[in-house]
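Okay, so subunit A shows up in both of these, paired with subunit B first and subunit C after.
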Partner chain A sequence: MKQNVGGRFPRARTEGLVIQELPDEVLVYDRERDKAHCLNQTAALVWKYCDGKSTVPSIAKRLEQDLKTETVDEKVVWYALGQLSKDHLLEENVTPPALLSGMSRRDMVRVLGLAAVVAVPVVTSIVAPTPAQAATCLGSGSPCTGGVQCCSGICNTGSCA
Partner chain B sequence: MRSCALSTCFVLVVVNLHVKSRGELVSAALAGAWRKSQPPTVNLTQAELDEVVPLLYGSGAGALGWWRVRTTELSESDSAQVLHQAYRLQSLQSVIHEEKICKVFRLLRAHSIDAILLKGWSAAGLYPDRALRPYGDIDVVVRPEQHERATELLARPEVKDCWVDLHESIDELEDRPGAALFDRARDTVIADEAVKVLSAEDQLALLSIHLLKHGAWRPLWLCDISAAIENLPSNFDWNICLGKNRTRRGWIKAAIRLANKLLSASIESVPDEVGVGEVPEWLTRSVLRQWQEPFAINQPPMSHPQSMASVLRHPTTLVQALRQRWPNPILATVSINGSINSLPRFPYQIGNCLTRARRFLIRPPRTAH
Partner chain C sequence: MEKIDRLDWTAKFSLKSYGVRIGIRSNQPNGLELVRPHLPHQHELVDLPVVDRLYSIVVAGKNVRSNARRLNLLYADEETIARSRKLDDVLERLESDLRLFVAEVARHRVFVHAGVVGWKGKAIVIPGRSYSGKSTLVSELVRAGATYYSDEYAVFDARGRVYPFPKPLEMRSEGAFKQTKVEVTRLGGRTGSKPLPVGLVVVSQYKSGARWRPREISNGQAVLALLANTVSARRDPDKALGALQKGVATARSLKSVRGDAEVIAQLLLAMLEKNR
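And now, the complex of A and B:
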């Protein structure tokens, strides 16, 4: 993956992804890494505007229009880009300004303070429950008679996929 | 008058003290969960939700559980979030599965193979959102004369990842001619790909008999039936659905009445002759008992830690092994073509054991030494 120093024109990755848009969030499955992510509305909009032509200030402007708010701090966009980049959802890695580098969600909320008019962008991983919760179906290689018995949902010639 | 008021209080106290069994919790959590809107009020406390979540998640009804609680106060709890994750995962999985179904049907159609998609995706279409109903493998039935060719095609590398369960007949619908199933099948479309699914009549029959054939251990299957009977097309033909075999007609009726009793499925559009009638007490009890732990690992043969051949070599565990193999009364009844009525199930369970013992003696399973 290339490094987009300064993240001037971030571009969303499209190859190797399964994208499902829900009313309040966007779900993304990364086929290459076998990982699923959930983008809240703000993160999803930032991702959508990463067209390789828009700058961070212009993305912030478009957020203002879409969310019908007066001002969206550029920090919000940088924070979203940092998360999208970390989860390999951008074509090129984005390096946020030093001030925002390594900022946690809590720090972000504090920096934006009460003036924040949009939800903090959040990209979370969608994970299956812990083994204790999921130990109710058969693991890969276990003998089975039907897909319903397998955690994968697939019973292939007598054993779970 | 006063004693009457006291007795009313006593009844109310007893009702409030009634602790729901885990099976009843599953039933309460899933009642009306397949509806787009206006499901019955969620009659669960936070503690009850915490208890029922692993049962829903582990049996494939996690997303339905989320659908049920998503607009309630319970939705922000950690337990509800586990259900929400199930819904999200299934949303993504449904997209991936649809791609695979299209690939399979494109290949079969290119070689003029007539195929019907069963259960899974087709059953998910009964819900307001396909992500509510999980499915893994792709169940496909083809005409018997095309089965061999279809088997060859589905062994090709390009569909190797599609996990097709290919059938040349449908056991659950063996009372009706296979050709008639194809004649009645409906055309539908998945992402521009034409796919055939069973008619609404055959689908409801299949879902009902499939539920009973497997002992009704999976709550999701009863939700499928509930969703089907609340979404019947206006021209639904009950004679086709019920078929001509009297026993099987009784099975389908029993499944529908069970959906009404345990999950509050509406039987408004179901004729009284089908939807109204007593559900045998043993049937309800047996289903709720199964729902106490509705997991695949509790179903035979996985619930048998040792093979029978191995047990016979070390007979000290014989009694325990026989107890583990004592059949569920629903499964036992269906396995030997018995009627579902209020008579005791013991004879059917003995009959099922004898049938299995005969099969074992004729062809004992191979075991590892």
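And now, the complex of A and C:
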């Protein structure tokens, strides 16, 4: 993945993704990493506007129009880009300004305070399970009394292989 | 595979379960009788020239020279998946592997590891892994009057409706590994037969003494919670996401840790009734 220092023209990744749109959210499955993400409305809109041509200020402007709100702080866009980048949903890595990097959702809420006119962008992720992980059997290292209980079928000295 | 094929197979048969083609062969003439109690609850015996997976069971006889017992063996295609002196262990392994394989490759269904009951025309789906307390909660819901659908899999179709997967409940006593099979009729309940739309998704983990303080989660979050327990999530995410998304579209989804299942069961039924 390339580094887009400053993230001037972020572009959403499209290859290797399964995308499902819900009324206020977007679900994304990353086939390369077997991870699934749920983007809330703000994160989903920012991701949608990452067309490789729009800058952070222009994305903020489009957010204002789409959500019919007053001025959207650019910090909101940067925060969303940071999360999307961390989850490999952008073509190039985006490095948010130093002030915002490593900021948690709670920090973001505090920084935006009452001035926030849109929901804080949130990307929730899970690692998709392997078939055995999603089944009724014990995973590796779990205590067992017989191989039948283990997904591997092997119970070695009281713990599943 | 060739090496296994050369063994003397006296019993061979094939079956279809949820569109998945399975072949089973054994070196014992009574192979089908041995295996029958371990077959998936929904299957039909059919003659199939090609199967998706072939199981081979070698039932051990006595070694004439040493008088020692040989091992019973189970192969899934060419891979050895069980070897034990106890035939029951091998047959149980066959049952669990077969169930998992069918759940993973079923053509028109999505299998989510979850407990399911029906109540007034809607399904309550409780996704969760082993030891999350699903069977206990399902049994309490059944005792409270709900219809039993499954304590293992919520079986979704492409429209997001849930089908019954009515195997006996498998209950563990606290701290024990071994499960005991309990027929739903012993709990005074009955098994559902029709597919139901989802009314409630309950993302919950048992924790001793915990207070039930549910918070609503979005449809997207509910889909993630279900996908985290979906057997075919990696194999076919497109199909899984499509079915699950439709499944939660009309449902309310809640998340909380929980303590005593008896109290929660009553609350859930009341909640679903209120939402109708």
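Basically, the second predicted complex is superposed on the first by the 125 of 161 C-alpha atoms of A that agree within 3 Å, B and C clash if a C-alpha of one lies under 4 Å from a C-alpha of the other, contacts with A are read in each partner's own complex, and residues count from 1 in each chain.
Basically, a residue touches a chain if its C-beta (ideal position, glycine included) is under 8 Å from a C-beta of that chain, and two chains touch if they have at least 3 such contacts.
Quantities reported herein were computed from a predicted structural model and do not represent experimental measurements.
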item	value
Partner chain in contact with A:20 - subunit B first, subunit C second, else both or neither	both
Touched partner set for A:38, first subunit B, second subunit C, both or neither	both
Contacts of A:126 with subunit B and subunit C, given as first, second, both or neither	both
Contacts of A:29 with subunit B and subunit C, given as first, second, both or neither	both
Intersection of the subunit A residues that touch subunit B with those that touch subunit C	18, 20, 22, 27, 29, 36, 38, 126, 128-129, 133-138, 143-145, 147-149, 153
Of all residues in subunit C, those that touch subunit A in their complex	81-82, 84, 89, 92-93, 96-97, 99-100, 103-104, 112-113, 129-130, 152, 170, 177-178, 218-221, 223-224, 227-235, 237-238, 241-242, 245
Contacting residues of subunit A [partner subunit B, same complex]	18, 20, 22, 27, 29, 36, 38, 126-129, 133-138, 142-145, 147-150, 152-156, 161
Subunit B residues within the subunit A interface of the complex	53-54, 57-60, 82, 85, 88-89, 91-92, 95-96, 134-137, 163, 165, 214, 218, 295-297, 299, 301-302
Residues of subunit A defined as touching subunit C within the complex	18, 20, 22-27, 29, 31, 34, 36, 38-40, 124, 126, 128-138, 143-149, 153
